[in-house]
Amino acid sequence: MNFISDNAYGAAPEIIAAVAAANAGTAASYGDDEWTAKLRTQMARLFEHEVAVYPVIAGTAANALALATLSPPHGAIMCHADAHIVADECGAPEFFSHGARLIPIEGRDCKLTPDAIETMLKRFQAGIVHHIQPTVISITQATELGTSYRLEEIAAIGALARKHGLKLHMDGARFANALAYLGCAPAEATWRAGVDVLSFGATKNGALGAEAVVFFNSGDVRDFEYRRKKAGHLPSKMRFISAQLVSYLEDGRWLATAARANALAMKLANGFAKIPGAELAHPVEANAVFVRLPDKTVARLRAAGAIFYDWTPPEQGRTLIRLVCSFATPEDDIARLLEVARAG
Amino acid sequence: MNFISDNAYGAAPEIIAAVAAANAGTAASYGDDEWTAKLRTQMARLFEHEVAVYPVIAGTAANALALATLSPPHGAIMCHADAHIVADECGAPEFFSHGARLIPIEGRDCKLTPDAIETMLKRFQAGIVHHIQPTVISITQATELGTSYRLEEIAAIGALARKHGLKLHMDGARFANALAYLGCAPAEATWRAGVDVLSFGATKNGALGAEAVVFFNSGDVRDFEYRRKKAGHLPSKMRFISAQLVSYLEDGRWLATAARANALAMKLANGFAKIPGAELAHPVEANAVFVRLPDKTVARLRAAGAIFYDWTPPEQGRTLIRLVCSFATPEDDIARLLEVARAG
Amino acid sequence: MNFISDNAYGAAPEIIAAVAAANAGTAASYGDDEWTAKLRTQMARLFEHEVAVYPVIAGTAANALALATLSPPHGAIMCHADAHIVADECGAPEFFSHGARLIPIEGRDCKLTPDAIETMLKRFQAGIVHHIQPTVISITQATELGTSYRLEEIAAIGALARKHGLKLHMDGARFANALAYLGCAPAEATWRAGVDVLSFGATKNGALGAEAVVFFNSGDVRDFEYRRKKAGHLPSKMRFISAQLVSYLEDGRWLATAARANALAMKLANGFAKIPGAELAHPVEANAVFVRLPDKTVARLRAAGAIFYDWTPPEQGRTLIRLVCSFATPEDDIARLLEVARAG
Amino acid sequence: MNFISDNAYGAAPEIIAAVAAANAGTAASYGDDEWTAKLRTQMARLFEHEVAVYPVIAGTAANALALATLSPPHGAIMCHADAHIVADECGAPEFFSHGARLIPIEGRDCKLTPDAIETMLKRFQAGIVHHIQPTVISITQATELGTSYRLEEIAAIGALARKHGLKLHMDGARFANALAYLGCAPAEATWRAGVDVLSFGATKNGALGAEAVVFFNSGDVRDFEYRRKKAGHLPSKMRFISAQLVSYLEDGRWLATAARANALAMKLANGFAKIPGAELAHPVEANAVFVRLPDKTVARLRAAGAIFYDWTPPEQGRTLIRLVCSFATPEDDIARLLEVARAG
């Protein structure tokens, strides 16, 4: 019963097969191969828009490269206080951007709101050299707390960004989960709502290790390619990264795996909803469940072999835990976990 | 007939199979998995020494992370003028080290010599704040021109490094090829000769994309782990990188693939040696052949479908070309290339 | 009536005379001169402790050099949300430290408390590579809101720092004002209370442009001297910076000028205390007065020629303004300002 | 007899008087003062061109800020192998530019030539992400070996820069000395010859500590102002830096002091020319003399109290020494030095 993260599970068999298939013959290095070319075509079709697509091997790299390209060293990047970029990347955005500052902003259910951003923006005066200069807003979709921004929520932030001349970045480590939840077109959830750059995740949802930075405006690419190379993120045998993403997008695989993970999370949520003493901390709108449980229930789950994170330390006899479902989580584990939880 | 680089070829089938096998079940993320643990054991045995081993996905990342860990921003890294780190990594060492300087030094057959390093060192005064401070010597084994340092050559540089309090880094993108050529133990070619840190390459010799930074002294590791994370080089599903390296080392696979590539290069070299007008520019001591050919021969090879780099622009009717053999280069291609070359 | 900042006034005549006197003859460059040597002796005596002293020309340089020396790129620096380092230095600490993160913490009267720091520290797990690692606490003395930490307040933070293995930095841009207010020995307010490094300000209190980074533990100096040089903060004719500081400390000049500025601020505060509708926002414990006034009073002051900053935008008919007194502010300006304020 | 450097001497009395005069009353901080405004006017008139002028306190800061503004982190800056920026600034350009690379190029009398630059440029392929990208050529005027580029030499490099889309920076730490030697207009020696940015030195020639970055094209300024602030090089009491420069330029003071220093150097050179065994290593075209002397002569000079640098270690009984004359070097010291040198 492994609910610790969606990255604890392996890759979709089709994706492994795609990597094996890509092994035939020689290929041009550093992304000049046919898989990477195909990925570009797929992405343009998927997003109904011209895109610049750059595969990388990890979400932290995707985020940091994207943000550093958009923000000068004297820039400021607004994000939620629980955003992965500020909480879990050991300062990668600062490293890649040579010192741009992340501005953490609080917000319910891990979401930024235009009001909260607007309030924070007042602290910085444009053109005043003593102040760092806001340049980017970054939102995570689905969020780190398992919620998903609605299209109108994104659009409102997108409008704010444009009003202030800021760029809008979306950390889409779980973009597929959000999309599966929202049931909308990728274009709607991104550039049509004002997103300029997307970190398009695949690793958590079935790839071995593959993400893509997707620029919706070619003018934003600037010196991205030099940055990627300097950072050691231009692998010579790029075809094996791109082949994963190509397979991921084929036949709607990415949405199917995400939908399955979401459905499992929803089952968990529905199960907990019926358990007295269990309290869902956030709406379940992707593949993660945050539930507050009596400490003895938490202990019982662990004793039964369940693996998961305590999200916050125990407080008044209860602990908030995080349960993440993967495309590959066994259905039985859901039932068993709920059974153990109920057993008290 | 693809001789453009050893990274134009795919991966060894056994390595792909190992990746597929690693897909079973869940695993701890970020390197706390059994494959990474096994790799550590393998490496310690291989090098007959305690080691700290960190898998990464690309050689540029391995080199830059290693060098940045060893050298402060005010440090200087001595290397050959044709070293990959100074010629082909777009400033990655500078980026990772926050500005340490690469000091290119000339030397025959792409090798540094103690004398040449000693001469360069005289330009910098230890403890004088106006001068950057030499901290690291980096050598490439096998070199970028297809030669291999002899053990005594490495040891002489190692002794110089110790004398001056410098660290010795080895870029081993083609370490297997050098070792297959030298026929010595990995320990002899590294820490016993004074090497402190090794970028252990596998990608060019059969992996999908896997290298390892190998520290021979735990004291040198310092803040490496934070640097790796900040740089986006700590992939969540690390098992798939480590599994490649585990398979690479198993059953002497890495030396077998390297030996095959070397043997093909030697065949090429022997063939060219018999062709009037062909002149080998460097001893062939790994898997690359640098040969000066009449321009019309070069054109004929290209017309026949051979792919390779002109290493220097045409001069006086002849051009120096580079031909790299891979573990997977078809034997027939060697014969055919030589045939076309002879046909003039 | 210039109350905009203490840096709007010039230098003490004695300090200018000292610079002129230092002009005689030749001197060793880059700090190997007799004035810099004398400054070291003075500082050691002043602080009753061995010190490493480095003159620089600006407070931002002093702070950023000190913090970067103490904190690695993956480090975190805790400071008050209104601290100069986070609010007014355009990311200098991030630049000098290659990306360390400033963690702004709220606190009454611009002061950090051990509790607030302790709470924030819980967000970071020591040794977890996904998290930046707290390394430094920075406090400002006197604070940016004109208050001064009491000795026991500093000591409590110092104790917390030691408990967590953190370093304690003090931004002493207005250290003299705090000391004049507290009436204690420099040693008590610094190393005896746990301060590791002090940015010792002189510019705002009578120098042309001179500050000093003062390390109380030689082990903390590390590569400071290289950092200073690399940052362009090792002027060749250092004697002219050091001569300012030497004169500043001579005959208790620094405390006399600070005491005068503090006394003027206290007069202002006492005056405002008697004006209906005027509300002091913070205790006046240095040379700045933060007072909330009716907007029409603010307008009247400006019409009368007073220069000062609105600290926050007008709200409900009143505005918080900042009035800073300098050692050179004319006594008459105080009386006149209060008169105009009362006139309503 | 101090010939160690022109920065061993103090400031011109008129410049000290100007600083004292600038002390009257209050002034806007951070460069919004009347002295800085006046400096802009003076510089525009001096250069017969619109300029953006930024005073800083040290030449290393001027150079590093200028170069970092012109060159991205993946850029390369071509300079002479003996240039101050590569030999004596501890990596400041790399620090400020976040890792751009300095490319040292050899050349007679410390001068770059278009041919040498052109040859070096061939090593880098434009648009190839594996290669750092040349962005700037930096020349020093007068050079570090006491020679001065002729106008046509500068123009030839300027033309090459434009041909390749590179910017041309001039390190003018001794710009006055070169100009006094060449006897041409400042405009001719700079923007008319293709110089884009000038580090305009004053410290070595009579200021306390004042230089200026002078941009000849407003488009090149980019984010310079943020960079300056982040680097701690925007002192609050800027008026005292600007006042030095204003006085420096007034009444042709800067050219008069430089002409005097040059004349003393020429006297030295003429004197040595008549001493058997003394050999001038470079033409004397500014205020420095590089002369090879028998070791016993060198010892005799030192015994007589002369202070100077050995430029290279003794070789075959002779040593190359550097003798720098300042505007304030006593005339008698020249005669005495020559007398001691002759005495052998």
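As written, the chains take the letters A, B, C and D, and residue 1 is the first residue of each chain.
Methods note: contacts are C-beta pairs under 8 Å (C-beta built on N, C-alpha and C of every residue); 3 or more make two chains touch, one makes a residue touch a chain.
Predicted model only: the values in this text are computed from it and were never measured.
A.B. asks: Through how few touching steps can chain B be joined to chain C?
C.D. replies: Graph distance in the chain contact network comes out at 1.
A.B. asks: Name the chain whose C-alpha centroid is most distant from the C-alpha centroid of chain B.
C.D. replies: Computed centres place C farthest from chain B.
A.B. asks: From the C-alpha centre of chain A to that of chain B, how far is it in Å?
C.D. replies: 34
A.B. asks: Approximately how many whole Å separate the CA-defined centres of chain A and chain D?
C.D. replies: Between these chains, centre-to-centre, one finds 51 Å.
A.B. asks: Would you kindly tell me how far, in whole Å, the mean C-alpha position of chain D lies from that of chain B?
C.D. replies: 42
A.B. asks: If a residue has to touch 2 or more other chains to count, which residues of chain C qualify?
C.D. replies: In chain C, 73-74, 89-91, 95, 98-99, 129-130, 226, 229-230, 234 touch at least two other chains.
A.B. asks: Can you name the residues of chain C that touch chain B in the complex?
C.D. replies: The touching residues are 30, 72-74, 98-99, 129-130, 133, 223, 225-230, 234.
A.B. asks: Which of the residues in chain D come into contact with chain B in the complex?
C.D. replies: Per the touch definition, chain D meets chain B at residues 73-74, 87-91, 94-95, 97-102, 123, 129-132.
A.B. asks: Sort out for me which residues of chain A touch chain B in the complex.
C.D. replies: Listed in rising order, the residues are 2, 4-5, 7-11, 13, 16, 19-20, 22-29, 56-62, 64-65, 89-92, 95-96, 203-204, 208-209, 226, 229-237, 239-241.
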